[in-house]
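Same chain, two partners: subunit A is paired with subunit B first, then with subunit C.
The block that comes next holds the complex of A and B.
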């Protein structure tokens, strides 16, 4: 088969930030296949230099609008680690509610607004208003609103949380507000099952593609790890030495280009919902497990498109988990407590959490005046870029005989499956494999 | 024909665009009165024919300037969306250092000389490159204000943006003044319109909506005196979102006016 064509998708749509897909085929042979990232560099690590310890959260929250709660929590954990600030049990629970809320908001946005249009053969969700899918769309909007109502209540705002501060919370929800939220969550669980059915009915449109790779996520003995845990890999097991995360997340340059890559045991690895599912699925709550079974999702699943499904499963888990935590909070009594006191000292702190798109690390060195001397942030999407590229290299030969438009759509769907958040790139990435 | 609106993003966290998705069911009302013809973050469809261009993000590179000028030439009305676009936002924190310095800090010795993606200059707000017709302030924007601005423009009306300080909204919310609680708040000099969301949640105002063009300097001086705070600290607090405010070149200075002023 001889075929000449090229695909050049500049600024892939329905993803956060700017990335391009380049495919060049001559005589049926692949000359070039590239996942490029053209986002403007934002220099966050440089901006943090000299800032006061209590400004690090508000600044780094602005790395990403979608996962601002994740960045805020990683930032606070790093700052508290450096200053040796302990948090109360209540703060730990409220932060878990915050991380659940964000995971829900981000996942439903991705599955419902960004990924689903591909499965229903439309360019965006807007045309669905006039179709038989309107009802499903309204349910998705409802779940999106529920997630944001929860962020509003716990964090004071949906994007760029206000109440999350060093040592605790600047304001605390009341018992009544929490019980009202619980009621909405319980109702939301039913709506989620209905939306899962809709996704199930079209999930056959996801390409059946597999590539063995390594998965990295936090893991914990106590829970399905999002807020707390140790770094773990499907290849190498647990790595409890969190301050030496750089031994796992090796960011490196490809010699012939300027690329920052991340690798560990293999050429690339994947982080995010599918990585968490592959490592921690036994700790999912019961309904989430049922939904995973409904989709036939079993560990270790090597199909990147199933990341979409893992997000649906996590959404269900987050609701169940939040209901449990609210019950505990209400049982023990919600206290209107002040954030724990901070005593300045020099030191280095590392905060690691699971953001919606995967493991996220903030690393700060503070001086004895509480000023930041050095900062490093390891962003989930940066860790996925190499894996996206490796997937494309293996995926393209499998679909090369399809019509051009279909190849293009398949590659876009692959990128979207990772739910990349390119605007997050505090490090610049320019992936080139020519 | 419905007013055609297009959204474009530059250097930002894209959180202000997200606020549009966060309108939830109300987006469906909004698309009754406007046609969204381009919005890369949520739709594949795209058209270069539009009446209103909404710009999110700061301008950092020649290639971005080029793209922005093209957008300006195609639209009738241009709206800057969110702090990164309206004032440069936190992206301007880095302007205190030369570009070479910040590149070195983040990218160390990577060979990026000939890469146009890296060809960054000092962060600019949108109006430092092209004329802006309307501003939707905040980090992130207030969704209600977004609705107000877009529906006003679609109906051919002029949107109204507050010219009074955050304190007005804070008082309306019956909050205890954060200065009373020993915190340092920029509410007295910051443009309202956020419904004082930060002080209402127990956190001081960081001035993300920009400093008022005519802040009541006498009142600010009185606050500094009453709570035994320094002007220097006020200046340092403004370096998150308003690094330019104290630069007379940029037309805004917080100096005590003479009695005859």
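The block that comes next holds the complex of A and C.
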């Protein structure tokens, strides 16, 4: 084969932020295949320096308009770890409801609005309204709305939560509000099953591509880990020493990216819904397990495109999980409690949670006045950039004989499968002038 | 009781593009001059969440920078029907095409408010930068008067029609 062509997708659409796909083929040989991150760095860690402990959550929430709850929770956990603040059982439950709400918001937005158009062969979600898929679109919109309603109730706002504070919550939903939400969630579970059927009917359009890699996520003995757990890898097992996370998330620079790349046991690893499924699938709730079976999703699944399906499975799990936690809250009695008291002291704290796109770490050093002296945030999408690059290097030779447009679409679908939040990932850059 | 929403749209980091938010904030200061059952919302730069907002109301007023070829600071009241019935409706919004597509989607999904108006303001410069341009800034006071009048006229008409 003597094919000459180049593909330059600048920027990939239907992802958060700006990234480019570059492919250069001469005489049928690949000269260059590159996943480039071109977005400007945002310097959030520098902004935190000198700030008071109670300002860190509202500032870091603004890192992302999609995972603002995830950043808030990682931030609060890091602050509470540094100041040795304990939280009540009720706060732990409400935070789990908050993280479920965000996972649902983010996953339905990605699968429904951003990924599904690829499978249905349309350019965006808008044309679907004029097709036989209008009913499916209406259901997706309903589920997105349900996730927003849940976030509004628990966090006080759809995006950028205001009720999540150090030591607890600044306002607590009432028993009636929680029971109304439960009713909507139970109805939402049925709608989700119908949406899963629609996704199933076109899931065959995802490329059948596999590349063995390492998966990293939180894991817990008690639950499908999102809010709490220890770092775990499909290659190396559990790593309970959470304050030494830098030994796992080895971040490094590459010339084509303004964001860090990361590696651990291999030259890349993947985080996100598929990583969590691969590590923790046994702890999924029953309906979520059934949906996983319906798609034939089994651990360890090495097809990155199946991250979309893992997100559908997690959406179902989040609904079931939320209904369970609401039952517990209501049974034990919803208390209008105040956040736990904070006593200032110097120290370092690390907060780790699972954001929709994967494991997220905030690490703060506070002085005895409660001011932040040093901060580090390890963002999920950073940890996926190297894996996207390695996938592309292996995927391109398998599809090189396809028409250029199809190669381009396949590569865009690969990037979208990771649901990258590039704006989040370009948070830090060392600039050296010579 | 009809549910009424006034939604400001715009990006204050793009100079005159922020006029929708500026006018919304000024309108809230004058809310005693308007009926008490109106909900005022900063809709930011739109996105799918607008779709959910629209579903909550019977009457909606959007306030937004619109390139309709008028003089700087000129305002024009568009009905949603006028906007999406044009052949190329999407080229007038300063927020790519999303905002008008969302209105269209809302209609197709059967969730569109019965009455939907866009109070459009002709901007001068919507490139990056904080604060309105001086040329638009000096039109803010008369714009608030026009906006109050437009809202009252439509609400009175809507109430008389019932």
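The rule is short, and it goes like this: the second predicted complex is superposed on the first by the 418 of 434 C-alpha atoms of A that agree within 3 Å, B and C clash if a C-alpha of one lies under 4 Å from a C-alpha of the other, contacts with A are read in each partner's own complex, and residues count from 1 in each chain.
The rule we apply is simple: a residue touches a chain if its C-beta (ideal position, glycine included) is under 8 Å from a C-beta of that chain, and two chains touch if they have at least 3 such contacts.
Just so we're clear, the structure is a prediction, and the values are computed from it rather than from any experiment.
Asker: Looking at the overlay on subunit A, is there a clash between subunit B and subunit C, or do the two fit?
Answerer: clash
Asker: Per the contact definition in the header, classify A:6: touching subunit B only (first), subunit C only (second), both, or neither.
Answerer: neither
Asker: Considering only touches as defined above, state whether A:163 meets subunit B (first), subunit C (second), both or neither.
Answerer: The first partner, subunit B, only.
Asker: Just to be sure I read the superposition right, which of the two partners does A:130 touch: subunit B = first, subunit C = second, or both, or neither?
Answerer: The answer is second: A:130 touches subunit C but not subunit B.
Asker: Which holds for A:144: it touches subunit B only (first), subunit C only (second), both, or neither?
Answerer: So A:144 meets both subunit B and subunit C here.
Asker: Touch check for A:177: first (subunit B), second (subunit C), both, or neither?
Answerer: neither
Asker: Using the superposition on chain A described above, determine whether A:201 touches subunit B (first), subunit C (second), both, or neither.
Answerer: So A:201 meets neither subunit B nor subunit C here.
Asker: Tell me which partner A:250 touches in the superposition: subunit B (first), subunit C (second), both or neither.
Answerer: Neither partner.
Asker: Between subunit B and subunit C, point out the one touching more subunit A residues.
Answerer: B
Asker: Looking only at the overlay on chain A, choose which of 79-87, 97-105, 115-123 or 169-177 in subunit B hits subunit C.
Answerer: Clashes with subunit C appear only in stretch 79-87.
Asker: Subunit A residues touched by both subunit B and subunit C?
Answerer: In subunit A, residues 109, 113, 126, 129, 138, 141, 144-145, 148, 158-159 are touched by subunit B and also by subunit C.
Asker: Please give the residue numbers of subunit C that touch subunit A in the complex, ascending.
Answerer: Per the stated touch rule, the residues are 48-49, 51-52, 55, 101, 104-105, 108-109.
Asker: Enumerate the contact residues on subunit A facing subunit C in the complex.
Answerer: Against subunit C, subunit A makes touches at 109, 113, 126, 129-130, 134, 137-138, 141, 144-145, 148, 158-159.
Asker: Taking the complex as given, what residues does subunit A use to touch subunit B?
Answerer: Interface residues on subunit A, with respect to subunit B: 11, 13-18, 38-47, 49, 55, 58-59, 62-66, 68, 109, 113-114, 117, 123-126, 129, 138, 141-142, 144-145, 148, 156-160, 162-163, 165, 170-171, 253, 258, 260, 423-424, 426-428, 430.
Asker: Where on subunit B does subunit A make contact in their complex?
Answerer: Within the complex, subunit B contacts subunit A at residues 9-19, 21-22, 24-25, 28, 31, 36, 39-46, 60-61, 64, 89-91, 93-94, 97, 101-103, 105-107, 110-112, 115, 117-118, 120, 139-140, 197-198, 200-203, 206, 240.
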